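Two complexes are shown next, each including subunit A; its partner changes from subunit B in the first to subunit C in the second.
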Partner chain A sequence: MSSPLLTQVGALAQRSVVRTARQPASAIPPLVFPVLLLLVNAGGLKVSTLLPGFPTDSFLAFALAVPFIQGALFSMINAGTDLARDIQTGFFSRLSLTPVRGSALLAGQITGIVVLGIVQAVFYISVGLLLGVRFAAGPAGIALLLVYAALVAIAFGGLGSFLALRLGSGESIQGLFPALFVFLFISSMNTPRDLIAVSWFRFLATINPVSYLIECVRSLIITGWDTRALALGFGLAILMAIASLGAASWALGRRMERT
Partner chain B sequence: MARDNSIIVEKLVREFKKGPRAVDGIDLHVAPGEIYGFLGPNGAGKSTTVLMLTTLLPATAGSARVGGYDIRTEGSKVRSVIGAALQEAALDPLLTGRDHLKLQTMLQAVPKAERKPRQNELLDRVGLTEAADRKVRGYSGGMKRRLDLALALVHRPSILFLDEPTTGLDPQSRTALWEEVARLAREDNVTVFLTTQYLEEADVLADRVGIIDNGRIVAEGTPAALKAEIGRPSIHVTPVRDDDRAAITGLLERFGEPLGSERDLAVRLREGMGLVDVIRAMDADGVVVDDIELRAPTLDDVFLAKTGRTLEGAAAEETVAPSAR
Partner chain C sequence: MRLRGVVAGVAWRMLKNVVTTPSILLPSLLFPLLFFVAFAGGLSQVQNVPGFDYPNGYTAFQFVFVLLQAAAFGGVFTGFAIARDFEGGFGRRLMLASPNRLGIVLGYGVAAVLRWVLTATLLTVVALVFGMQVGGGPVDLVALYMLALIINVCGFLWSAGIAMRIRTMQAAPLMQMPAFLLLFLAPVYVPLSLLGGTLHAVARFNPVTYALGTGRGLLAGDATQVGLSFGLALVLVVVFSVWALRGLRSAEAAG
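Moving on to the complex of A and B:
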């Protein structure tokens, strides 16, 4: 008799959350570092708001979107590292010997990441509200932001799982962290794309999907209900989620080479 | 209907890319309720065999039925009747013992009402009740191995694979694990397939032993039968001075065939020869020795007779030049 899918997913998601909660060194950086960077940038780059055409007079409100994506990157690396460690230690083989379905294994892992992604989002929103940021889209916008955070967590969690399943080494996953962070820095994280003066940088920021993920969050904070930004952000996140989950499923099938 | 908990293996092969045949056409038949000891040095093919029989590694050729199911085509059915504790206890250091059992009972579809009683029963059985709510990273090697065994038993498997379950354990933990494994076979009729590189473990625990070397089974039978095959005891002499070695070797060869031991001078006694004959000859020749010992045949002697090496020596060779995996 095989365990019902939901029971399997629930058990594995619970393990994922418990693991993270029990290692503060993994749980705290995704919460604290993005906020610290936010505060530093908000202080140092405040003058940017004086640029003609800058969409808000609060750089804090402008930059508050960035922690959502930074946090997702941290979670992706942590989740990928945990999964790779399971492979290295043989825990993955133990799971492979149970009737657990590959889809449950992946869903459990991703559900854990989503829970943590929502916790992070609540934390960033709370910090923003405490520091005086007013969300232009109102409470409904905040609720949508949480949904978006979950979607981004799925997209990045899938990517982390794919990398873990292919590389099978926690060290390799951690080694990718700087490379992935580059995508963040060549985006519109600190300046609206139309105000970037350097043409090559503006080009890279325009073709970088991370820009649109950030701008979707930003629109809810400083603009209100911007259909185009929301469509681009949600559309990209959905596409990324589909692609990363597909790739992770394929890699899982290869890794769970059971007969 | 009684479950078929036998293991039948025919000409099983596993080849790795650019490597030798890790398992080279082995045949095995493990009867229901039997403890089968799979003995061999590191790199002999023991773990590769276990991985194939537990469906975690496809076989290159040959066939095997575990619990009546084909490992190649009925993997999920095989997994439903087996439990396995693979090499190195695969545990999550951040979870407690109870967390592990909770996860395992859920994944193994133990009915909800039975999960907690089953967890408590297994914790009690392996002596981890008091440590149940501590994180595994604080467990000793023996505790981890016992938890590993409990996890393998969650779904009441009829066949248990234990891959070097006592490697690295202190004698007390080793004995405790042996007792539990023996109890499983005796009282619950669980078939146990146990790999080990410890002669004593195979000797004490196994009903039958298969000796594997370089992917091939070189001997198989009950420990007593295998030792009886060697038959005669051996004499081991430690000289007082190194200068006496040649003289003692010459004397010993009058009574048996040299064993090529690296630690002492040893011969397997010929039919009709005894310790008294050797001592009389030494006395007559005026040979003085530091120590002389009569040893009954061991499984190491069986390994030596079949492969020309001692198990210890074979393990050392593997350490120097591990086979490509």
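Moving on to the complex of A and C:
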């Protein structure tokens, strides 16, 4: 990347991070809500570990994977809303009159989301360690988890940017919140897929990519180095990142034409 | 007569807004269904855990939780509408135009109840399609829906009190969070006897625990602690009515 482009990306990324940090309503829920749900579920579903075939005797360790994906969904909605607000308030139009390149705008926005995604991952890992979860993959697994969190943030950040650029309205992005959460809820977030008794639910969880994103994180926490789970999780995250960034770039081009 | 006119006007406007705005209508309909499908479908193996003794199966067990949750959040979402109205200046104009301001609160309350009726009907149909077993008779079922209705009113009065004091959408987490905590610090996934540690200790003192227990009993036709659950819920209605009316006074004082 050329130096001016790097400067532009840096400035826009900094703006994205600072804007999130300055709004407690944007910064706190992606950290607190997933952990709160984790604690509630860990207490309420502890008995699930008594089921034959359950992979661990700690539901907290089993469920710790969920906040990573849930937090990414929250960030995606918030980042999409922020970008949509830029469009609605005219900031985007003013920016398009400056020498800032479109690619810098997108890269800056995504970099901001990645920074937030890594902060979230560090927070969730710290909560897990404080509550006594031992990572089966060890320190190297934790390091890999941070890389994975950044990759997932790129994938979801690209999707949030695409939605914002296409819809151009913060309210519309917020309205998509339940639809996106369907993917989280109809997954293996609370039960291993092979232990889901209802066949249609097991089928939907199996074709849902979010199940594999969660199982990748879970494998590092409770199994160790599971090549299949890691390959599926990383492979899907990379595919999602490529697809969402491609879609966001296309939407940016269309938006720039209109501006 | 003047009171009735205000109630009808506010309720009608509120319902029209809800029905004609998908971004408001869909979340309140979809979230309960999503919770129900995720819990009843994804967690059904929990009924095989030793000590799980609910006779009507896990779908019915979860239905009661989601019904009460939808009731509470149906009320809370109406509080969002009040906050939005005040934030946009409509609340002040409404106060100026209303000959009886109590009617404003009652109008929003009527809308909250009707909105919940829509959600509860849809949820019940979906649950029956999913094969929910109903053991209770007509009286039990009426009592179950009455209990949910009272919780809907509690959720509404709580959030209305906040909305009329703070008068901005930024108060939304303050309305939502306590309701969320009370609901999830209860025996959501398993009966109270199977909860362990801190959650068990907290759930024992949570009024939602009693409402859930009674509701599940009513659906199974074997209700316990009915008087206690209804009594607690009605006490909350009285307390939150005072809270909401004082909120109205606060909004009046703010001008």
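In this section, the second predicted complex is superposed on the first by the 254 of 259 C-alpha atoms of A that agree within 3 Å, B and C clash if a C-alpha of one lies under 4 Å from a C-alpha of the other, contacts with A are read in each partner's own complex, and residues count from 1 in each chain.
We adopt the following convention: contacts are C-beta pairs under 8 Å (C-beta built on N, C-alpha and C of every residue); 3 or more make two chains touch, one makes a residue touch a chain.
For clarity, every value in this text was computed on a predicted model and none was experimentally measured.
Asks: So in the superposed three-chain picture, is A:Gly132 touching just subunit B, just subunit C, both, or none of them (first/second/both/neither)?
Replies: In the superposition, A:Gly132 contacts neither subunit B nor subunit C.
Asks: Looking at the overlay, does A:Val18 come into contact with subunit B only (first), subunit C only (second), both, or neither?
Replies: It touches subunit B, and subunit C stays clear.
Asks: Once the structures are superposed on A, label A:Leu195 by its partner contacts, choosing first (subunit B), second (subunit C), both or neither.
Replies: It touches subunit C, and subunit B stays clear.
Asks: Regarding the shared-chain residue A:Val40, is it in contact with subunit B (first), subunit C (second), both, or neither?
Replies: In the superposition, A:Val40 touches subunit C alone.
Asks: Taking the superposition on A as described, I'd like to know which of subunit B and subunit C A:Ala205 touches: first, second, both or neither.
Replies: After superposing on A, A:Ala205 lies in contact with subunit C but is clear of subunit B.
Asks: Spell out the part of subunit B that touches subunit A in their complex, as residue ranges.
Replies: Result: residues 54-58, 71-73, 75-76, 78-80, 82, 84, 86-88, 90-92, 94-95, 99, 102-104, 106-109, 135, 151 of subunit B touch subunit A.
Asks: Give the list of subunit C residues in touch with subunit A in this complex.
Replies: 22-23, 26-27, 30-31, 34-35, 37-38, 40-46, 48-52, 170, 173, 181, 184-185, 187-190, 194-199
Asks: Okay, in this complex, where on subunit A does subunit B touch?
Replies: 1-4, 7-8, 10-12, 14-15, 18-19, 22-23, 86, 89-91, 93-100, 257-259
Asks: Note which residues of subunit A are touching subunit C in the complex, please.
Replies: Counting only subunit A, the residues touching subunit C are 25, 29, 36-37, 40-41, 43-48, 50-51, 171-172, 174-175, 177-179, 181-182, 185-186, 189-191, 195-198, 200-201, 205.
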